[in-house]
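First the structure, then my questions, so here it is.
Naming follows writing order (A, B, C, D, E and F), and every chain is counted from residue 1.
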Amino acid sequence: MKLSSLFPRFCLAASALALSALPALAQAAAAAPPVPNKGDTAWMLVATALVMLMTIPGLALFYGGLVRTKNMLSMLSQVFAIVCIVSLIWVTFGYSMAFTNGGSLNDFVGGFGKVFLKGIDPNSVAATFSNGVYIPEYAFVVFQMTFACITPALIVGAFAERMKFSALILFTVLWVIFIYIPIAHMVWYWGGPDAFGDAAKAVVAAGTDAAKKAAAEAKLAEVTADAGLIYKWGALDFAGGTVVHINAGIAGLVGCFLLGKRVGYGKELMAPHSLTLTMVGAAMLWVGWFGFNAGSNLEANGVAALAMVNTFVAAAAAAVAWLFAEWAAKGKPSLLGMVSGAVAGLVAVTPASGFGGPMGCLVLGLVAGVLCYFFCTTVKNALKYDDSLDVFGIHCVAGILGALATGILVSTSLGGVGIPDYTSKPGELAVADYVFATAVWVQIKAVLLTLVWSGIGSLVLFKIVDAVVGLRVTHEQEREGLDIAEHGERSYNY
Amino acid sequence: MKIVMAVIKPFKLEEVRDALTALGVHGMTVTEVKGYGRQKGHTEIYRGAEYAVSFLPKIKLEVAVDGPLVDKVVEAISAAARTGQIGDGKIFVSSIERAVRIRTGERDRDAL
Amino acid sequence: MKLSSLFPRFCLAASALALSALPALAQAAAAAPPVPNKGDTAWMLVATALVMLMTIPGLALFYGGLVRTKNMLSMLSQVFAIVCIVSLIWVTFGYSMAFTNGGSLNDFVGGFGKVFLKGIDPNSVAATFSNGVYIPEYAFVVFQMTFACITPALIVGAFAERMKFSALILFTVLWVIFIYIPIAHMVWYWGGPDAFGDAAKAVVAAGTDAAKKAAAEAKLAEVTADAGLIYKWGALDFAGGTVVHINAGIAGLVGCFLLGKRVGYGKELMAPHSLTLTMVGAAMLWVGWFGFNAGSNLEANGVAALAMVNTFVAAAAAAVAWLFAEWAAKGKPSLLGMVSGAVAGLVAVTPASGFGGPMGCLVLGLVAGVLCYFFCTTVKNALKYDDSLDVFGIHCVAGILGALATGILVSTSLGGVGIPDYTSKPGELAVADYVFATAVWVQIKAVLLTLVWSGIGSLVLFKIVDAVVGLRVTHEQEREGLDIAEHGERSYNY
Amino acid sequence: MKLSSLFPRFCLAASALALSALPALAQAAAAAPPVPNKGDTAWMLVATALVMLMTIPGLALFYGGLVRTKNMLSMLSQVFAIVCIVSLIWVTFGYSMAFTNGGSLNDFVGGFGKVFLKGIDPNSVAATFSNGVYIPEYAFVVFQMTFACITPALIVGAFAERMKFSALILFTVLWVIFIYIPIAHMVWYWGGPDAFGDAAKAVVAAGTDAAKKAAAEAKLAEVTADAGLIYKWGALDFAGGTVVHINAGIAGLVGCFLLGKRVGYGKELMAPHSLTLTMVGAAMLWVGWFGFNAGSNLEANGVAALAMVNTFVAAAAAAVAWLFAEWAAKGKPSLLGMVSGAVAGLVAVTPASGFGGPMGCLVLGLVAGVLCYFFCTTVKNALKYDDSLDVFGIHCVAGILGALATGILVSTSLGGVGIPDYTSKPGELAVADYVFATAVWVQIKAVLLTLVWSGIGSLVLFKIVDAVVGLRVTHEQEREGLDIAEHGERSYNY
Amino acid sequence: MKIVMAVIKPFKLEEVRDALTALGVHGMTVTEVKGYGRQKGHTEIYRGAEYAVSFLPKIKLEVAVDGPLVDKVVEAISAAARTGQIGDGKIFVSSIERAVRIRTGERDRDAL
Amino acid sequence: MKIVMAVIKPFKLEEVRDALTALGVHGMTVTEVKGYGRQKGHTEIYRGAEYAVSFLPKIKLEVAVDGPLVDKVVEAISAAARTGQIGDGKIFVSSIERAVRIRTGERDRDAL
């Protein structure tokens, strides 16, 4: 009776557990440490390489092709520099702050137990979403590192062609520390499936012995408590819709408002200098995204394959949707529209990729394509802000759409895999009952917290950077182009 | 008939074109050129090698106009192209003896 | 006696089974469903990503670099749009029509049992070529999807720079449904090794009991019968020489004849606008082809490694052959010649990659390089058709060469792995006796059927599309370039 | 007593064994041949594809972007041709000469036992660095093949824009045979861990029986002896610092001295024609390098993950170091500086990637970035040689730095994994005591031998090629550009 | 001596060159330019932003010829460059006072 | 005032510029052009198709100078641009009636 009355709580807690894209580490990996399956390890190494490919050259080209020739090199430099600097932050203290217990601040951020990757060796393991399945912790560290690298790189598109390089570097460092790491911790830090399984088993084992049970329940409560805030709410985010896309998208919007429009915006022709490179970048984003989403499963199994199918289908559906919407509205089917749609679909499916079914993700893609087309054209023109490369219109908008849709598509009745539950059948993965209101509400809460944290936080950080080094180059430098003015180089010398 | 050749800063092209159409001049030919003059260039560095680049991107404009219009055209161009900074460019006027519209074979002022 | 007399039939049937690049699904995966090996799953996910990379940006760049600047964007748009649209067809009904039993039409096409991927979940599995080895069906679905996407994309090179975008979209949809899917079903649909092993075991087990044996033999016959037509003939096609390359190549030839030459063809300079991008595309095709060929083995084992070696060697040999042939004939070694040779070698080795030995494939590559050089220069100039990017001269010609050569190189006496036989030693993979005439004859039949089906079928489809929307843009639009005329965009704004 | 006195010798020998990036083949794989783990096989196939991506298009673009437009195509042609030709050499006799016993010459080069890959089939296996772990030999052959392909391709950057294509082809063939293959054999040929384990076990098993022990010790000595020279010295080179980078770097330096400066060098502007492509190339080098370094572990385990972390961190650190060094010295942060730094870091970490710890490699990267910046600017300008693309300044300099650093960073006291020892605990992998002087001294010896062999050898080969076909094009051809003069093509026709 | 400057449609260059060589004119200098005139341009759309592009790609041809040849040259160019559609271009003739062949220092008609 | 137009080999630009500045001429406008003349081109082959390319890359230089300076300028250019091989290029001189410096509105010799 008491026990049963506990279950709802467990399930909810449980649902919270499975939801993040990323598990925590197997702390206290008892006597015999678990040995990773080499197939999983191979997959995680590849997924890491794919996410890297997605960032450089992928994202750099997607963005670079959209700017004017005179700013191409600055765009490439910004993305490349961000990857380099963030990865150093990550291995020195970032990983530790995101994926260890933060003590009293644990709801919001981790601690310093693993600074400089202290205590990690080739035999250390990290938990996955399956009981008893682990991967080398180094693989988890480097896979996560690529996520930390690409997120701030997404932001720069919003204020491309006018920001100082020095300001960008400073902003990136601050943003990763105060925005990215906390959000990642809140959404993705948890104890791993076995911690729950064991604790829940103990509760059952305790049987009627009150003392034992009390202890076991306490332990279970403790395990449940050792996770990030959004995590505990039970928000579903398979591969980073909140942590990566909404997070970067809103920061970009704030940035482009603060920096103001580009000189000549609206008056002069600011056509993309190379849609060829933009298409190449989009294609690499797509390919790399297979690693981003299917890799977030942390295991090479049927669910990873499902995530890959969903990723593919959503991207294709969104591309087709944008293509035809524009064709109908403007009379011509554009390549830029098609690739923008593909990216919108990829963003939207990110949180849903391992939870929804292919048909649900197909529909999600169609909606994302049309919605983002509407935002990047009508809405943006109406509000008259200069989000150079539509970071908000694509990443934030599609990110929010995807986050909410995930709460719906996960339902088995819609072909989803259902909300995981690690406690009702301790030691194995069960499916918790799906309650629409609950499922969608936690998603909304997660989205709101992310928007507020990143929106306000970024505002503050931009102000600080502005005070310290100044955000924007002079008009003369902007006219000349950032390549020569800021980097003393030219992208092309044909 | 005269031909007015002007070398201006690239981002001034639209304004100059508008100024000319306002005068009823509906044709011109533009060329991307590089200019060398008082306006100082910049330095580029590629690994060890430093290059002083003194040729700057400019736009060359060629407009054939009927004699009487020349003053207005020159005026319009210099007004529209002026920023007041070094490098605004030059305008050169020379005369042409003949003009032909290829499509119709019309000649001289009819050809413009 | 009766039994022995059966064997020839089995062997032939058997040989049929192993030959396709792709197995069918494990229907009736008895009580305990087989669990995929994670190494295989990891490999299939990567192979899928590689084939995607091969298409976008790979193929798009290889083709795009060869057209004139004013048509670059249209080329990229066509390839990208094809990938998006075909993938949607695939997940909704294409996969089902290719890889399920088509009832009375089963020789030619599948059925609708799996439309919308009905009945597939993360635990569903698909058979491979090894008894008892399975992969997640979702992985098989998405791997196959990339093949369906790239094949029609190969066609567009033949009539580049002049086809209407709307016509292309319509043609692609029809072509995938009426040409690609049936051929794929005919060549690749079968019951998987275990179905045969079990049925054959039953026959043996039946021993002398006439009734039992009759039943068992009936069952075996049924299993043998449940496959595509070309499949049953016993044609060998490891990774898609017929289904992909001959199929696309002949369709392209028909298309360029119907559309006619480009305006100014022969008179004006139509030099490739960027051999740099063509080389990048060729390199990505090569890299992606490792996934295409070695992935077609569906398992990460020694045969996959062999396929990789063969793919590498054949491409290199063909590149060198074309390079030196042109050097000798024209006095200069060209990059375009070298990369064209590499692609020719990749095409030629596709059907042979898992059957031949490295030295056999090296020779195959040398022949492919010289043969295609001859076709793309002498023959094409003699026949005066405008196959813009030599889809016929490379894909169809090298495809046919490879298909026939496969029948020869498979022979163990030439270092091949031999024709597989799943029945004589039920439950394990044996090697059937090699009979030159038989082996080559089935290859010829497969090639002919593909040429006829795709050639005539494409002709009809082009006519339909021409009647509905018209195939070609106006001369003015062609002069202006498809980028601006059809898409309202420019590839470059330097 | 006697035994213990033996151990030091063993350990040293032992240390020698583990150090190469690549193991030898499991000769005499007793009765039941070992079956590769599919996770390892999948990883090695992917690693191979990644190294290929790193060469074409990666390296070709990194180099190509740095030359002038008129020589772009020649650069792409040279890299592409080298890959094709070397791979043919490799499968026909190169692999055999590098990875079989060379009899009396075994210290320096292998034999012809496996020409044309004789005796290798899908079931053949190659040893890794773990006892009892094997991969398909075909996977080992093709992975190694990519290393043989990229090394000579690295050299061409040193004398870009002026060498005859015919001369380059001839030089490549000679260089691979006389320089690359011997060095690869000297550094990487050995018997594999089990050979040692078994031999060492036998010694122990022999117990007090003098005769038995004598035999066993003889056998162990024999096993120890069956390896390349540098190998036996005990030099550590995880992924090819000596074999690939120092080897290519010094050859490049010799080449650029012999060919002389480019026409107009120092007087005319020779700005990179496309830093955009150079950045794309650098990014692909980085991504591919994950396969190069982590793949060199030959297994998908925690050490491979460590190698990936180290590779990532060193590249990022070096990029940041060069960026800030140049920013401080020249006043502007350049993209070319950043990507050059990344490559320098990747080179430096290559030999250390599987031996050092992340923090050690971070420091190594920082040093590499600053050191190479100094060499490619100050030193080069002072010595006035025209190493067009800084092959020496980056690959040789960072290669030497990395080789020496490996001897230090491997120390467990610095977070390294320690020097492996296969004999003291026969059958498992132990860690030998670390002696600074010994460890660093063997590294120095390995570096010196490589510099001498490749430096003098290349000098001789260049002289031969010069005598046969002449090394350099005419001044007129150089003015016109190699693309048109040598290949009769143009890279771009915008 | 005169210098004939013609602005024509790009794809007509080969024909014009052939027409000129037929006249024995074996030298010319061509430039890629953009032309603005009666011929209407097109609109490009990139995500939300629409751009009306009114400058169209043209080829500018400069041929220095000896006085007597001018009429023939102008005739030949306009005949070869004519398509009859708007945008065929213009021909302008002006005089030059001096010509030098750099290689030899030859002057005026010998320099052509 | 005169305007001197010279067509030279691309790699000679720097030398010519230096020669002119030595004369105190501190302004010029250069254009990348293609030249057709005696200097023979080359053949390009792309798969089957062979193209004879007869237009070679050249640099066009335009310098407006005050009358008296013309001879020196022409001399300087031809001296600096000469290699003695076919294709060195030409120099054409014509007169301009007016020059304006856009920035200041200065005219004629003051504008140069």
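Following the convention adopted for this analysis, a contact is a pair of C-beta atoms (placed from the backbone, for glycine too) under 8 Å apart; a residue touches a chain by one contact, two chains touch by 3 or more.
Note that this is a predicted model, so its numbers are computed, not measured.
S.K.: Chains touching chain D and chain F alike, please list them.
M.R.: Chains touching both chain D and chain F: B, C.
S.K.: Among the remaining chains, which ones contact both chain D and chain E?
M.R.: A, B, C, F
S.K.: Weigh C-F against A-C on C-beta contact pairs and write down the one with more.
M.R.: A-C
S.K.: Any idea how many Å lie between the Cα centroids of chain A and chain B?
M.R.: Chain A and chain B have C-alpha centres separated by 51 Å.
S.K.: State, to the nearest whole Å, the distance from the C-alpha centre of chain A to the C-alpha centre of chain D.
M.R.: Using C-alpha averages as centres, the distance is 36 Å.
S.K.: Distance-wise, how many Å sit between the C-alpha centres of chain B and chain D, to the nearest whole number?
M.R.: 56
S.K.: Indicate the residues of chain E shared as contacts by at least two other chains.
M.R.: Chain E, residues with two or more chain partners: 31, 44-46, 94-95.
S.K.: Could you tell me which residues belong to chain D and also touch two or more other chains?
M.R.: 37-40, 42-43, 46, 269, 271-272, 330, 332, 334, 336, 488-490, 492, 494, in rising order.
S.K.: Let me know each pair of chains that touch one another.
M.R.: A-B, A-C, A-D, A-E, B-D, B-E, B-F, C-D, C-E, C-F, D-F, E-F
S.K.: In the complex, go through chain D and note every residue touching chain B.
M.R.: 269-272, 326, 330, 332, 334, 336-337, 340, 376-378, 380-381, 390
S.K.: Using the touch definition up top, name the residues of chain C that touch chain E in the complex.
M.R.: Going through chain C, the ones touching chain E are 264, 267-268, 479-480, 484, 488-490.
S.K.: Taking the complex as given, what residues does chain E use to touch chain A?
M.R.: So the residues of chain E touching chain A come out as 44-49, 51, 53.
S.K.: Given the complex with chain D, which residues does chain F contribute to the contact?
M.R.: Contact set of chain F toward chain D: 11, 14, 42-46.
S.K.: Please output the residues of chain F touching chain E within their complex, sorted ascending.
M.R.: 2, 6-8, 31-38, 54-55, 58, 60, 74, 77-78, 81-95
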